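So, here come the structures, one by one.
Heads up, the next two complexes both have chain A, just with different partners, chain B and then chain C.
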Partner chain A sequence: MKKAAFWTEERRAYLILVLPAVIIYWAVMAFPTIFSFILSLTNYNGGPVFGNPDIKIVGFTHYVKMFNDKYFWISLKNNGLIMAVSLFGQIPLGFLFAYVLHRKLIKFGDFFQTIIYLPAVISTIVIGRLWQSFFSPYGPFTEFMRRFNPTWENELFFDPNLAILPVLFVILWMYTGTYLIIFLANLQKIDPALIEAARIDGATEWQVLTKITLPALSGVIVTTAILAISGSLKSFDLLFAMTGGNPARRTSVLALYMYDNAFRGAPKYPLANAISVFMVLLSLVLIVLVRITESRFGGREE
Partner chain B sequence: MFKRSTVFLVTLLLIASVFVPATFAQERVTITVLNYFDLTSPGAERELQEVWHEFSNRFPHITVLREDLFLEPFHQKTEAYAAANQLPDVIYMWPGGRSTTLHTKRLVKDLRPLLGEDAKYFSEAVLAPQTAGYLAELPNTMTSSHAMYVNVGLLQELGLEIPETYEDLVAMVPVLKANGLDTILMGAQDDWVIQSCLFSTIVGRLVGDEKMDEIIAGEAKFTDPEFVGALEFYGRLFADGVLHRKIMNTTYGEVNGLFAAGRAPFMIDGDWKVGNFITDTSTGEALIPVDKQDQFKMIIFPAIPGEINPNAASTVVGTGYGMSASIPAGSAKEAAAWELIKWLQSVEVQKLRLETGGTIPSRIDVTSDQLEPLVNERLGYYALIETGTYVLDSVLAGEVYLPINIGLQEIGLGLATPMEVAERTQEAYDVWKANQ
Partner chain C sequence: MTTTRKKTQKSDFHPLLRIMVYLIVGIFTILTLYPLYWLAISSLKTTTEFQLNMIGWPQNPTFRNYPSAWRLANFNTLFLNSLFFTIISTGAIIFLSLMAGFAFAKIPSKFTWLLHGSFVIGILLTLQSIMVPLFLMVNSVGLYNTRLGVLIPYIGMGLPMAIYLCTEFIKSIPDSVVESARIDGASYLRIFLAIVVPMAKPVAITLAILNVAGVWNEFMLINILVSSDALRTLPVGILKFSGPLASDYGRQFAALMIGMIPMVVFYLIFRKQITEGVSAGAVKG
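Now for the complex of A and B:
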């Protein structure tokens, strides 16, 4: 009996198609993550990595240091707030705008679509600088408020409890357009005949939305939620340009906190690696939670 | 005989024409440079033409691959290069502070042996050993990280005079407030600014370098009354309305326009800020035009109650360029890199920096007759400084000055007390010391 060849044409084709992506993924994603985890357990603080006799394993010391640092918790809280704005602000607003535009509930839909999406095509650094100037104590926002109250002082950035608010507003303004486009594209995939039939059967707009549209888009909502979570955790550029994490690190986020430890003052690379590993783990946990929520409560896409 | 000698001579010339240029031709060398460069500064265009392009003209055998960065991206790149052990051949450096890694890990060479006899052209003070005890960078200047800029014209309009004591300054606050003005502007969103440009001088006045030496040596503590007293005085600036919390939401670049526009009669910054106000030769424009510059003065912060060093201001040798320690000694690359470093501190370049930024030359053989009034004001400012004291981030390790930087913002915002900041700094110092 002739033994079947292992390297069939199908297997070879599969390998050729998949291997480049696997290699690239391992090289730029998986390997750095694992390597970062290993470095976070050592005392490595610059210089040659391989064959360096001074590198020693120090266990979870840097994780303990991280959890004992108040600036870590401030950064984590700010990441939480950004995530909340993304999940409960950008996504619902993006969906709402997309629904209104798709169902042609307002005039000049193309104009509004362009306006809402516009911030997404501007450089984040430019946006950061622009809004920083806007909210500056000497900026247009202060001038505008002083028209109503000449003695008004712009406390937004230096009240530790409010300092993050302008940043949250800008994040909402900046990324809602991206979700609008995602939802709009997917709304167009829903068969219009289905909605038309529902309306003929007497369904209200609310019923169309909750019984047809939302269940059909639950998968997309999960995708956007994952995008929002990962985007929130890697927030850096906007904060860096707008506040630099200050005043007194009160607008810092985990990525900035990691940057501070790696590059500001004396480098603390093991601690910075520990922070980045924590960010990856947190991201994974949150994405799994979103998946579980979707499988329990989500509808099915047609 | 004539024929034979002619043939011999011609042959000799032919041989010489073929071999001599090859013998004396300099080896082509490529060097990499990490340069700190503010492209928006008024002198940027001239610097590109007269420093970098001119070097290429003068030394055609040296190819310079230059990377220009400014502020935080520069420091980030430096640390990344240092961590990877891939430092560029020539690198812009501070005598301490954010360049501490380069010094303490000895990633750059000691330039004193290379300087040799040329040391006589430099003021001895600027060639003093730096953070790691050697000349890691060849400084372009001696600089004061503290200067109080005064808009004298604005003060006169309000019937006020330049304050001599802190009490005089406090007395001005209500008058200025009634006129919708701030008292002192600072672009202190970045946390190094308060420490470097103001608090170091307060420490110099109230604590003094001798006590600081004891603290640095571990013989005294940051929690001692003198240092805590300096922090308390700094906190008082906010309580008295001399400083406003909004300085921490004002960027380092934004403050220039605000001061030039007369939003406050005073601004505190380093003496280098002069360069941002004078005329940009490429456009002919200036934040403070030449005809208005005589209305601006530079003074030291007024007398502080209980100070032990009157008229002291924090000073430090300036920035300069260092050479990567990985370049082999005696190599063509070392010669090329040194040629560039020498050029960057040459008479021509220091004269240009004096004219475009008011940088006081570290060389003793540089003068210029094309100085704007503000540059002359900067030159005169040094005569006011009776004692030059430490800039904290040039004498303390990064781990130790960082809690001070953040703590100063926290004191200003009412988020920490002076004692809490002192304790945190001492804690950071103890950890740092234990790791030495």
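Now for the complex of A and C:
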């Protein structure tokens, strides 16, 4: 009797509707996150996970190993560079393009928008292979450089110090369109009467931008910053296809560093799990930092 | 009135600044169009010709590379697999997230904040950071190298954003719609199927656009979750040409073109919806 009263139609419906999504999502996203933390503290390196007597708790040794690995720091630095390109390249450029298109300051806005966003829909693998060929010694980039300097030798993908530059360029090129679209959609939400009125009162274009448009977009700017930060930690496919992390693993990023430890050569799953945990924590910390900046900065704006 | 406004705008937008803006936008456009043009014409050259003539128009344009690349990479299988994973996982994501979104939005429960909140956190969780634990898990439950072992992660990774968008959308349906159906004695499941699903077409289209592009282009997971040729998708198949075959330029460029064209066509057809979907997806996390 009591049980029947507990399982009302409402509760049953809720469970039936929610459970499939919750189970799949928790199994795929939430559980591995916790799972990797536990495995990172053990010596588990393949074989059955459950009921395996050889698995021992080894504490934080894999984290120590990770922090002592120079490739970890190279990868982290490259993630930082990608983040910088996103924050200080893609976002300002995306905003500039959106602003110019929104105020109709140039002609053929629709055409430019279509083309600038195009790279974002093409498979990253295709993009990576295409640009790898483009910048390689047999690609157009070499030909162009030779027009200016016939003896120029293309060392782009062989010089450990230079190899990251083409990658950063492609990342800037690929995702600026995404920010263009986000900013444009939000610019269109601003009441045109507001700008109209300011213009009639004699405000300059610059004043409209700094006093009306940018403050109205402060929330969106935070959103794009969060997107840029989490996006930069997502870098994997492009590097996998374009450089494979080489030369000498100088173009590695954290995701690729983790992949290398798990799948290239002898598997080092505990180390890979430690990297995984580090990446999750890093993204959380960065996003919280953006949020704190937002609440301070946003408070002053309003 | 519009004309006067335009005039004032133009007058204080310095001509030099305008030229600079045109320049930057123009450079970006060329940087997109030229490599694609170069790829297209290079795919019409034989490897021998390409080595002699890397950037010029092909002397004897030939489509020979296409059938040969198609056979070598087995594009029949690649396309079928890409279609299979894209259609099934997109369909499942839309249906599951409409179900859960309806429950979160319209059925009161004290668990909603926790469950819905866990999905919102998932929007920010980067899948890349958990690829190794996910692989270990799929492996230990015996789903490695199976279609199900790819589909479940694909559905799971699409759910956070989808559920967020569905919940927001269904919240915007007036409560009175659900309440009057309740008074008429309809069960929640019936309300979901008969009222909510038909009304949710706009959000379903947004989700379809976002997920089709996402799953079609997905590489990282399928690369580690599957090893047999029979289960591979387009991005994995295209990378075949990057290894020992990398200097087989003609066929490699043809394969890149084959891999690229479907998404470009998709984009040109659904440009407006894709643009709307992307800006809807860029919600405050």
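Definition applied: the second predicted complex is superposed on the first by the 273 of 302 C-alpha atoms of A that agree within 3 Å, B and C clash if a C-alpha of one lies under 4 Å from a C-alpha of the other, contacts with A are read in each partner's own complex, and residues count from 1 in each chain.
The definition used in the following text is that a residue touches a chain if its C-beta (ideal position, glycine included) is under 8 Å from a C-beta of that chain, and two chains touch if they have at least 3 such contacts.
It should be emphasised that the depicted structure is a prediction, and the values quoted were computed from it without experimental measurement.
With chain A as the common reference, chain B cannot sit beside chain C without a clash.
Judged by the touch definition given at the top, the superposed model places A:Y269 against both chain B and chain C. Legend: residue contacts after superposition of the two complexes on their common chain; A:L187 is shown touching neither chain B nor chain C. By the touch criterion defined above, A:L217 lies against neither chain B nor chain C after alignment on the C-alpha atoms of chain A. By the document's definition of touching, neither partner reaches A:A225: not chain B, not chain C.
When the two complexes are overlaid on their common chain A, residue A:E153 makes contact with chain B while staying clear of chain C. When the two structures are aligned on the shared chain, A:A248 is found in touch with chain B, with no touch to chain C. Once the two complexes are laid over each other on the shared chain, residue contacts for A:Y138 go to chain B and to chain C alike.
Looking at the shared chain after the overlay, A:P48 reaches both chain B and chain C. Comparing chain C and chain B on the residues of chain A they touch gives the larger count to C. Overlaid on A, the two complexes show chain B and chain C touching the same residues of chain A, namely 48, 132-133, 138, 240, 259, 262-263, 269.
Against chain C, the residues of chain A that register as touching in their complex are 9-11, 13-14, 16-18, 20-22, 24-33, 35-36, 39, 48-50, 93, 96-97, 100, 103-106, 112-126, 129-134, 138-140, 143, 173, 176, 178, 181-182, 184-186, 196, 199, 204-206, 219-220, 222-224, 226-227, 230, 233-237, 240-241, 254-255, 258-259, 262-263, 269, 272-273, 275-276, 279-280, 283-284, 287. Touching chain B in their complex are the following residues of chain A: 46-48, 71, 132-133, 135-138, 153-154, 157-158, 160, 240, 243-244, 246-250, 259, 262-267, 269. Residues 5-6, 8-9, 12-13, 18, 21-22, 24-25, 28-29, 31-36, 38-39, 50-51, 54-55, 96-97, 99-100, 102-104, 107-109, 115, 118-119, 122, 124-137, 140, 152-153, 155-157, 159-160, 163, 187-189, 192, 213, 216-217, 219-220, 223-224, 234-236, 238-239, 241-242, 249, 252-253, 256, 259-260, 263-264, 266-268, 271, 274-276, 278-279, 282-285 of chain C touch chain A in their complex.
Residues of chain B that touch chain A in their complex: 72, 75-76, 79-80, 82-83, 85, 100-101, 105, 189-191, 245-246, 248-251, 254, 258, 263, 397-399, 401-402, 405-406, 409-410, 412-413, 415, 432.
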